[in-house]
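Okay, so here's the structure we're looking at.
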Amino acid sequence: MSRTLRILVVHGPNLNLLGTREPEIYGTTTLEEIDAMLRERAKASRAEIESFQSNHEGALIDRIQQAGSRIEGLLINPGALTHTSVALRDALAALAVPIVEVHLSNIHRREAFRRHSYVSDVALGVITGFGAQSYSLGLEALLDALRV
Amino acid sequence: MSRTLRILVVHGPNLNLLGTREPEIYGTTTLEEIDAMLRERAKASRAEIESFQSNHEGALIDRIQQAGSRIEGLLINPGALTHTSVALRDALAALAVPIVEVHLSNIHRREAFRRHSYVSDVALGVITGFGAQSYSLGLEALLDALRV
Amino acid sequence: MSRTLRILVVHGPNLNLLGTREPEIYGTTTLEEIDAMLRERAKASRAEIESFQSNHEGALIDRIQQAGSRIEGLLINPGALTHTSVALRDALAALAVPIVEVHLSNIHRREAFRRHSYVSDVALGVITGFGAQSYSLGLEALLDALRV
Amino acid sequence: MSRTLRILVVHGPNLNLLGTREPEIYGTTTLEEIDAMLRERAKASRAEIESFQSNHEGALIDRIQQAGSRIEGLLINPGALTHTSVALRDALAALAVPIVEVHLSNIHRREAFRRHSYVSDVALGVITGFGAQSYSLGLEALLDALRV
Amino acid sequence: MSRTLRILVVHGPNLNLLGTREPEIYGTTTLEEIDAMLRERAKASRAEIESFQSNHEGALIDRIQQAGSRIEGLLINPGALTHTSVALRDALAALAVPIVEVHLSNIHRREAFRRHSYVSDVALGVITGFGAQSYSLGLEALLDALRV
Amino acid sequence: MSRTLRILVVHGPNLNLLGTREPEIYGTTTLEEIDAMLRERAKASRAEIESFQSNHEGALIDRIQQAGSRIEGLLINPGALTHTSVALRDALAALAVPIVEVHLSNIHRREAFRRHSYVSDVALGVITGFGAQSYSLGLEALLDALRV
Amino acid sequence: MSRTLRILVVHGPNLNLLGTREPEIYGTTTLEEIDAMLRERAKASRAEIESFQSNHEGALIDRIQQAGSRIEGLLINPGALTHTSVALRDALAALAVPIVEVHLSNIHRREAFRRHSYVSDVALGVITGFGAQSYSLGLEALLDALRV
Amino acid sequence: MSRTLRILVVHGPNLNLLGTREPEIYGTTTLEEIDAMLRERAKASRAEIESFQSNHEGALIDRIQQAGSRIEGLLINPGALTHTSVALRDALAALAVPIVEVHLSNIHRREAFRRHSYVSDVALGVITGFGAQSYSLGLEALLDALRV
Amino acid sequence: MSRTLRILVVHGPNLNLLGTREPEIYGTTTLEEIDAMLRERAKASRAEIESFQSNHEGALIDRIQQAGSRIEGLLINPGALTHTSVALRDALAALAVPIVEVHLSNIHRREAFRRHSYVSDVALGVITGFGAQSYSLGLEALLDALRV
Amino acid sequence: MSRTLRILVVHGPNLNLLGTREPEIYGTTTLEEIDAMLRERAKASRAEIESFQSNHEGALIDRIQQAGSRIEGLLINPGALTHTSVALRDALAALAVPIVEVHLSNIHRREAFRRHSYVSDVALGVITGFGAQSYSLGLEALLDALRV
Amino acid sequence: MSRTLRILVVHGPNLNLLGTREPEIYGTTTLEEIDAMLRERAKASRAEIESFQSNHEGALIDRIQQAGSRIEGLLINPGALTHTSVALRDALAALAVPIVEVHLSNIHRREAFRRHSYVSDVALGVITGFGAQSYSLGLEALLDALRV
Amino acid sequence: MSRTLRILVVHGPNLNLLGTREPEIYGTTTLEEIDAMLRERAKASRAEIESFQSNHEGALIDRIQQAGSRIEGLLINPGALTHTSVALRDALAALAVPIVEVHLSNIHRREAFRRHSYVSDVALGVITGFGAQSYSLGLEALLDALRV
């Protein structure tokens, strides 16, 4: 299809610290670098990326609601809210577009409370453990699902 | 008693989407329509309604704290925060006025994690499952409790 | 619609003691007064109320089965059977009419074993904690659902 | 050592109500009085205190991130977020300075859900149950750890 | 052996509704048809069937006790009491004859609370999921056990 | 005190079988013998015993309600209802007189599901494991509590 | 219907030991005798039986896959794999024909870990506890379901 | 029988405080008074009482072992060790004589961790909730069991 | 780097059925098509793919052990063994090369027992829910990790 | 107030090893040094310290009972008994004076079984994680509570 | 006794890798060396060793069944099947000879899921944590049991 | 090495009863015989054994602490304290020498509460189920570990 696809990329709490915070877990790439990489990759597929990060659950929900019908897909790393926020889940479940959930670290190798996600069963699929590449794989998966 | 009763109505995250979001679960009435209906009904009982919706837990708590001693009762649909927010619970428990908790959908027919409420045991009572009417029944219950 | 609605009101075990038993939990209104109040309210909506109380699970099930297709709605306070009777649940699930579950006390403020209800997910909705008024709110909710 | 130590004091949701909210649990000292007391005590040890309270999880995280490398220690009463916020925990874990967690009330004497803390295992230590004095003991512990 | 075997068939709560209640789960055969089918089958094996249905746990127990030493085997579909009645279990455990437990629907495909049976470990065996045929298979199993 | 004390003795489901049912667990004394023994013992203390056994939860509740203010104490062996009946518990909790719970067998040596009692925390005390003597010890305990 | 029905009978691990292994639990009939009995019974209904036993989970799955569309029904005693094999469950779920699960012993009277079956909710029904007769009842149930 | 029965009475930790410690839970009778009462009662039945109290688990076990074959029965209030000591349980299980377990307070009305006893299933029976009288009822039960 | 990378692709039980088995869950692409697609993609990155499918846990382990030091990376869809096989996990943990775990369906939307994986915490990362594309994303992630 | 306060300091099992045992967890200060430090600090507040360490639960209980009414406060590090001793808890609960619980290490960073304390909810407050300083902070908290 | 004892030694999945796989957990001795050591040791006691290793659960079961009555004892390291295989357990339970279970590593120091063994309660005894020596101790224990 | 190894053998509560207490579980060998056997065996390896038994947790801990650096290894059967004593565990963890845990009976065949050991993960290894021989195997394992 030849229409430009609009993708919203959402980063949850503390992801603005990427590259500085606990690099042995989260790597040294910054969030700006990730966003740039995603924009680059999207361009090749005639897609447009808009990015949003916040430490506020409410601000994330506001942004997702506003995106509403103006996007074709959503890529999200919900950060710590993955494990605690039913409100974020509900905002995502209210979207009519496919959602891909990504995580930088392999959450199965960490504390037990990181094993449960409120988002996974309202997402199309989940990618976890590949550092910054989790995002680019996620974008690829999302574009692929949208092009079908 | 002849004094005008002041009631604060609080709507939690994602309830601003009412009427559009998953209508098979939440119905087609909008939040504005619900607020209007509540104002109408309150007027008949010489009560005044003030409404507040936010996707931000913190904003909901701020609003409840500000209401403080200036209200006689509180009607709340905490949305997804019902199941996750101890902070909201604490803000409610700090109020000296009766609280009624309402839910649009029957939370007992949904995911297991929706069965537990942090609010119910600091509320006077709970009404769940009657769509928009849950609010008007809740207002009636609250006014009744206040008039005694 | 102009047809007379027939409503069966069912009271579970120990509710015949209302007004005398643990009044600090259940209030001072008697079951007769509640039934009278419901009949009054129903009349205003051209509905007819029939009431039944028993301490026998089997008798409650018999009565619900006999009501069968001769009623349009059911209002039930299952009392302690709320938490233990799958047989009562099955009798209710076999009914083709809407069911509203009510409780006098706020079951969320009591023993942990009162937090689970076998009835809630076969009911339209649940009202809990408003004393005798739980019944009148429940009747209103039921009539409203039937009039739609 | 003779350098001035900079300490950030963080107060979670509803702590702005201190002195008025449920005084039988939380005491009658206000938050302003606690902050003044901490400033006084810090001065004696050539330390500087900066205080921050918010009902917003996101605002607390923002503030902790901004403190970043500009502080030598952090004293926090996470309030209700103690029990629910992985995002706050992650913000604290990303700090390179020692953290002391304090609680006014003895959380072991309250509801079961207050027994678990997401903060305790990223903190140096925990002090709970001594009312306003929990803060001054916490400050003392923090200064002591920093002076070693 | 040439003696006539006497078999008591016991049907628990709501089974009198068979054929009308939730036919997509329980099928369209009535309880009378099942009893007739069992009597027919028994006759071929020189056995006699006596049937009893009640919605009353107590009445079921009374009937089982009265059968006492006057029967050689018992076939029971305890219905919802399967999952909740220790009293029924005790009445069965007090019998000296073999017991076969049957269920119309496959209880493993239904709600989690239907997975546990208080009867199964005092029974000889269990047959579940074959609709009305569960009864005839159960009778066959019982007769076979008695003929050995 | 010289007034005659009236004691209601309540026996739950299957206890009418005493002496015949599983004697290796419950002993060989019949219920009639137990009642006679209790009457004898009561007489010596100027007390009167009235006994009631039923396999029907509802009948037990009816009887306890009727006793109401006409008795000074209640001795109960709830049988299997011990572990399953909230309704029986509620009927007992509504009584204003002391209650003693007894069991023939030592329930701690049996199936795990017999370890929990819905009655014990509304009773004055519990006696378990001494066969028929559990009843006479229970009566003694009850009379003692009433004479104080 | 007059077509010959083809039935695959599958026996899980250790069932080749039947007749010798723990006869107090599993009886003295051998697997060959069971297969012969089933063939005999099938013939009377114009059905054909093919039997397969293996101690290898993989071999059982291979065999079930190969049967594919060439059978009309499957009778299985999964043995110990009942409780542990999701792979076997998946192979069964992929079949388009009805499945009947049987067990020789009454699994409800044995170790707790034998109470859960991964197979039961993908089967039509379950028969447990009747020794070798469980198989013939299971075949009868299967043929009956296929003839309808 | 005419032989003198020797009974060892064992009191666990903190029972030496009886009469002073938390009298609203444990009553005002002292341990000396209880022992005197038991000796008196025993004398009437030609039995001899020896008492032992210790706050040391090890001392209690030593004493029970020494009693060995020189006693005919044991009456024990294990106090807090009821809920934690497998070693005490093992010492009791090694005795060849009947054991009666008693508790002053009704342990079912207290903290959840007091609901489990390591002693109950190696005892003949249990008496709980009757204050000092629990001991005399326990002695009576023990003597009765020994006289049979 | 210019060396050819050797990748082993392992498919667990029932994956040979792909394209025919439950296509509404697993899609219509066959395993051969997936393998061809992976070979194609690998060629572009100068990598070589070898594929292996088996329904036998032991055969999968044998194959993984044989690969030993002759491969640079492993891509695995363990199928149902994901949830049950510690032996497969151990074989993977013994490998010195990076492992990527993939699943066709979103396992978070299915039965609860599919939520736990014995493989995830010995893998580099996990990709779930994107149908056949899960494999190509996994290969990409693996190659990327190897090229670093 | 000008009266001399008497404080009992109690050290549980293995604390006599302080300074030598696992110094990476417990630090290098010896128990004698801690006691000296506490005596010093107490003197400044006109308080007297008496210390007691034992590896015997019973000896600790004996000592606490003897202190009885002759002390004004108690500072305790129960060591491993924190997690296992209901008897110690009961001895503490029987005291009429305030109790402060301290731990050298942060028990929230260690094994799961160290997360539960039987002492915390009978203490005034708890201080954990500051090494030897936990004791001095605890003493300060205790003196403060006593001076009010 | 002078007869030659025949012992079957069974090694579960991945044990063929011994000496190479994760040597920090499993040591550097190879399986061949262990078998040689066992044969040597057996010879001294006039016993004969036969060894078998497989990664296939089914092959292990086949081998154990074939050993049947031709061995006097079995020494097994079930590897990962320890924790997951009920089928292996059943094969072992069907043997009439004593079984000794051994583990190289101390399974109590590893992942939680390695703490449960399906084999231990059908074995004579268990030896864990002594590396290759676990096998020789196990053989000694087995021979000792057989010589008695 | 030619130095004499000093081994402390520790026996927990009730082990002094060996040979008399429940011989069907613990065998008929006395503790003296076990100690003699161990001394004999040690002599052959130029090792010296010192034995200690106590029913007092505190005395066991005292003894282990005193052994301190004067021993090279410790062999312990903690008896019932295995399952309940964190204090004993801590005393063992503080030792710098290898520890072997032994049990006479197979604890996996007994009550569920005997399945957990607080000692196993601070021990080198565990031997359970071989009666008195568990001790000699344990000594052998310990000597072997020390000789390496």
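Read from first to last, the chains carry the letters A, B, C, D, E, F, G, H, I, J, K and L; within each, the first residue is number 1.
In the analysis below, a contact is a pair of C-beta atoms (placed from the backbone, for glycine too) under 8 Å apart; a residue touches a chain by one contact, two chains touch by 3 or more.
Everything numeric here is computed off the predicted structure, so don't read it as measured data.
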Lowest number of touching-chain links that must be crossed from chain D to chain F: 3
Chains touching both chain C and chain I: none
Chain K against chain I, contact positions shared by both copies (same if over half, else different): different
Centroid distance [mean C-alpha coordinates] between chain H and chain A, Å: 64
Inter-centroid spacing, chain E versus chain B (mean Cα positions, whole Å): 49
In chain G, residues with contacts to at least two other chains: 56-59, 84
Those chain pairs that satisfy the touch definition: A-B, A-D, A-I, B-C, B-D, C-E, C-F, D-J, E-F, E-G, F-H, G-I, G-K, H-J, H-L, I-K, J-L, K-L
Touch list for chain A against partner chain D, complex: 12-14, 16-17, 20-22, 54-59, 79-81, 83-84, 113-114
Contact footprint of chain B on chain C as seen in their complex: 106, 108-109, 117, 120-121, 123-130, 133-134, 137, 140-141, 144-145
Complex interface listing, chain A residues touching chain B: 56-59, 61-62, 65, 84-87, 89-91, 93-94, 118
